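The following pair of complexes shares a single chain, chain A, combined with chain B in the former and chain C in the latter.
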Partner chain A sequence: MGFKIMPKAALPAWIDRLCADYRVVGPKPLHGQYIFGDIHSAEELALDYTTTVLPPKKYLLPPREELLRFEGSNAEPVIEEDAPPTVVLGVHTCDLHAIHLLDRVFEQGYADQHYRAHRENVVLVSIECLKPCSEHSFCKDMGTLSADEGFDLHLTDLGDDYAVDIGSEKGEALLEGLDAVRDATPEDYERVNHVMAEKWPRFPYRLEFDVTELPSLLAVSYHSEHWDELGERCLSCGMCTKVCPTCYCFNVVDEVDFTLSAGKRIRHWDSCQIDEFAVVAGGHNFRPTRAARQRHRFFRKGKYQWEAYGLLGCVGCGRCAQACLVHITPVDTFNELYRRRVLYTARRQEVHT
Partner chain B sequence: MTVLLNETLKQTSIYLPVPARIADVREMTAYEKLFTVELPEGYSLNHRPGQFVEVSVFGVGEAPISISSSPSRSNGTFELCIRRAGDLTGVLHRMKAGDTIGIRGPFGRGFPIERFRGKDLLFAPGGLGLAPLRSLINQVLDERGKYGRIMILYGARTPSDLLFTDELAEWEARDDVELHVTVDRPDENWTGNVGVITTLFPRVQVYARNTIAVVVGPPVMYRYVLIELLGKGIPEGNIWFSFERRMKCGVGKCGHCQINHLYTCQSGPSFSYAEIKNVEEAL
Partner chain C sequence: MSKPRVAFFEFTSCEGCQLTVIDSLQTHIELLDVIEIVQFREAMSEKGEDYQIAFIEGSCSRPGDEPKLREIREQADLVIALGACAHLGGINTIRNWQDQEDVRRYVYGDKADWYETYPARPISAVIPVDAVIPGCPIDRHEFVTIVKQLLQGRMPRIPDYPLCIECKLKENVCVYLRGKVCLGPITRAGCDAICPTYGDGCEGCRGLISNPNIESLKTVLEEHGLSMEEVRAKMTMFLSYQMMELEREAAGNGD
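Entry: the complex of A and B
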């Protein structure tokens, strides 16, 4: 939609203005890590952050939210339409791709009005990553190292300036009346092209195969013994799914107040890694082993979501690897499956020649 | 103008149930009760056999329950046969006619009954599996001329666990229904068959390629019944199941009911064996 230049010196004034009209959230340091939290001035904002503990998903699918309020047998839905519009600053492009997947999940079939209300209330200001954020990220493999859509505004650090790509009218409105912002010139195009060309080699490929092969690799790896090995290590803690930007499975529970007749129906994040996730009334567990649960998670990431929504369920952010106490990582898992497959194929060829 | 119940989900929230009145409660066994449910004026369930609804009691929770009545006998109400198995069903069992529950649905695709026309039908309900199958069986009986033979092989744990005994007696009395009932453990008054459901299968000879088998029962039953059906030569695409899973949201979002890539609440809960034979988590 357009491309502007904002001097970095104008950032504090811009943030102040945004704070006047919006709830502003963004990356900020906490206890040696980064989180997305409320921002009241540019000083709090850490746009050069590495990765956050939780992805910005929490603003679209809160860890815990009211779906309904009831009294007796009457209920009203809780749709947050009058919540203050929220600007999410500094979204990395991996998380932007993840939000794209969430949009498809919650809009496909029965559209989820609760998600939609949050989503329409959010203005996404993403930022181009110029260096790897963690030893676990593999965004380059997953095709999420950049984004040309899905943002309202997109910032690229040009040294003294930010290049600001405008992705929507919602984004454009954030810049209205800012004198410091100017139109980009052909020289600015070159500056951005240069930054982009320089950034690419800084990021490693970590998968030993091309990601387009991932769904078919998983298709032939269902019975791999590697799942049992992961199951032996997995603690079923569910951290991998809690920090994942594309995990959205939830449970719904009722909470009553002291009258015992009024209360709330709550949705909260759930995890397919937890033992009782697939238990039905009567106690039968349809996914009773940790091996099967890990396999289910990785199949959702690398195959099922791709089949159902046309997008991979993993964006390569590396958070699950960072969070896992027993070092189960998607890169290691996918590479190990690939190695075993290559070895298997090689052995078969030997037999046949 | 009646509003289809599942259309209401598109209005404000896909999680908002419609309040419905319990019109009648009938005790069936020590664990199961049959609830007749009446939707508010102007709403229609318009379900297919094999579909389910989400039943709510505010303050307790919500759970998927298969619809037990046939669309052909709807009469403005529908029936749910509910086993007391947890918190919600425990509360439901204490409710009476006139009480209000919440209903969302119907969900799932149900059985493809159009494809069953002209075929011989072999129904194999085990235990509570008769609850969803009764919807299909009564639909078929109400348009009896459209189908070939109707065979019902029903297994229950004990004689006192048998569901819909009045209807079993009706089916038994009909010339155009072949009903075989067995119990795992007889009591002193039981004069019928004793043994698990698979012991009934040698009793029926089928013209395999024109037979549709529909099996609904506890998870452990499917594999054994499948062996019997495949052994009779019934084609894989003609063998139908209805699966129990934890269909928490009913709308393909929450993830609890997934069988590998399939959301049971959307793609099922009825599946043919041909559809799921390579879906490892199904059986």
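Entry: the complex of A and C
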């Protein structure tokens, strides 16, 4: 599909129109960092943001969500679906890839009703990153630095204009009746090509090997001593999982009111890094050490998701690395495992020759 | 169902947690429909001794506290430690690192000999405790939640994960990025990360999580410019008793 051109000057009017019909959210500054939050006018929106503390995942899988309400033991529980039509502006492509993974997880087989309700009501307007968002990101390695699909609209900053790629009817509907938007000319295609060609070399490769090797690298690294080293340092604070766009583990609890029989069922985010995550009935913890939990986390990112859903569980956004007080990062971890593997293989070859 | 009879007691403390209870009673007046308070010196003059649930505020800091604590334990079906002093020994335990004679002279001057005191301890060091409501002071929402759980006949569950989880969910700026330090990674969540939310580091008033990585956090604190003494001061504001216990355990494992 061809793309359209929207002058930046038309943005305020566009946001106003969106706000009339939708809940509009997008990146905005907060105390020197950025978060996704409600947007009421173009002034609040920071489309040139770096990265956000929490990913836009929070609009599809809220950190805390009411699943149902119950009234005593005889009445049918009432299922809550609080999913207002929402436009999410300014989604970076790494987060778009992460949402693609969440879609597979929650919609394959027995679909998650609440996730689907949010998903159907969310319109994703993504934006092309033209420079690395942080020293920690490694989207180029992970193949998430661009996206051909998964968005409803996709913006590319051309200076005074945005190139707008239309990905779905939902997205197209957002532009309806906007006089300022026009079809792209051959010159506009040139401009987009130019911007994309300039962008590419700005992003470094940070993995020392090709990412397609990651699942097999992990397969031979299960018993690596590196997990113990990470376990020594890790605080089990769980921040790396809270900020991750592809983490989706949750817990479900009931909260009652003073009648003690009526109340609500709540789902909230959980984390495989905290001590009590793997405690099962009877008090047994099947992943009691920090080393085992770190290994589990990186296996999820680099191997398990790949096997289960055909997509890697890490999109290279770098948020976990930014959050971790003891500097445990996917890049360092994967590279270290790789180096040890290369060294090990070299030694074995020496022995055999 | 007859209403469970509840009593409140205080030992060495500032009574701030009981004030928070009074506050909760004002915002959740329904509480009084489901429990009957028979003893609460902060709030009423009547005094009933037929209580089933005892909330104890304050640490045990005198030999004279012990018989009273045992008496409460004998009467009550459930004993709940209310707040950091009862739960951890609280800030009273800062003195545990010092010479007890000096402490007494400093506090009571020439009347020091009139008072018999010893290192402060949490209630659980004297009598078995069924549940704790952490915090200095307690969190009123948590208090209400725990009362509901007790009334349902369930053992209260308080978070056993670090504060950082709550802090990140609020998208706070980590205070380490603002050049301050924080005990969040080893401290039990449940206060909704209130101190970091207002820009201050956590002092650990809710106590340690079950398996804190203290050694690793010490290196983080040092990396952020704290001297060994400052690290120690930070970790012994509310956590003295727990730290001393851990040191004792470590020494015990050593031989």
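The rule is short, and it goes like this: the second predicted complex is superposed on the first by the 341 of 353 C-alpha atoms of A that agree within 3 Å, B and C clash if a C-alpha of one lies under 4 Å from a C-alpha of the other, contacts with A are read in each partner's own complex, and residues count from 1 in each chain.
By our rule, a residue touches a chain if its C-beta (ideal position, glycine included) is under 8 Å from a C-beta of that chain, and two chains touch if they have at least 3 such contacts.
This is a predicted model, so every value here is computed, not measured.
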Report for A:S236: first if it touches chain B alone, second if chain C alone, otherwise both or neither.
-> second
First (chain B), second (chain C), both or neither: which does A:G32 touch?
-> second
For A:V53, decide between first (touching chain B), second (touching chain C), both and neither.
-> second
Would you sort A:V192 into first (chain B), second (chain C), both or neither based on which partner it touches?
-> neither
Would you check which partner chain A:L11 touches, where first means chain B only, second means chain C only, and both and neither mean what they say?
-> neither
Would you check which partner chain A:A111 touches, where first means chain B only, second means chain C only, and both and neither mean what they say?
-> first
Classify the contacts of A:H296 with the two partner chains as first (chain B alone), second (chain C alone), both, or neither.
-> first
Compare chain B and chain C by how many residues of chain A each one touches, and report the one with more.
-> B
Of the partners chain B and chain C, which touch A:D275 in the superposed model: first, second, both, neither?
-> second
Once the structures are superposed on A, label A:V256 by its partner contacts, choosing first (chain B), second (chain C), both or neither.
-> both
Shared chain A footprint, chain B vs chain C, residue numbers 256, 260
What residues on chain A touch chain C, complex-wise?
-> 30-33, 35, 53-54, 63, 232-239, 242-243, 255-258, 260, 269, 271, 274-276, 290, 323, 325-326
Quick one: in the complex, what on chain C touches chain A?
-> 28, 30-31, 33-34, 145, 148, 151-152, 160-162, 164-165, 168-169, 171, 173-174, 176, 184-186, 209-211, 213, 216-217, 219-220
Show which residues of chain A lie in contact with chain B when the two form their complex.
-> 67-68, 70, 72-77, 79, 105-106, 108-114, 222, 248-254, 256, 260-261, 263, 265, 267, 270, 272, 277-282, 284, 286-287, 292, 296, 299, 303-304, 307-308
Quick one: in the complex, what on chain B touches chain A?
-> 9-10, 12-17, 19, 58-63, 83, 85-86, 89, 100-102, 218-219, 244-246, 248-249, 251-256, 258-261, 266, 280-281
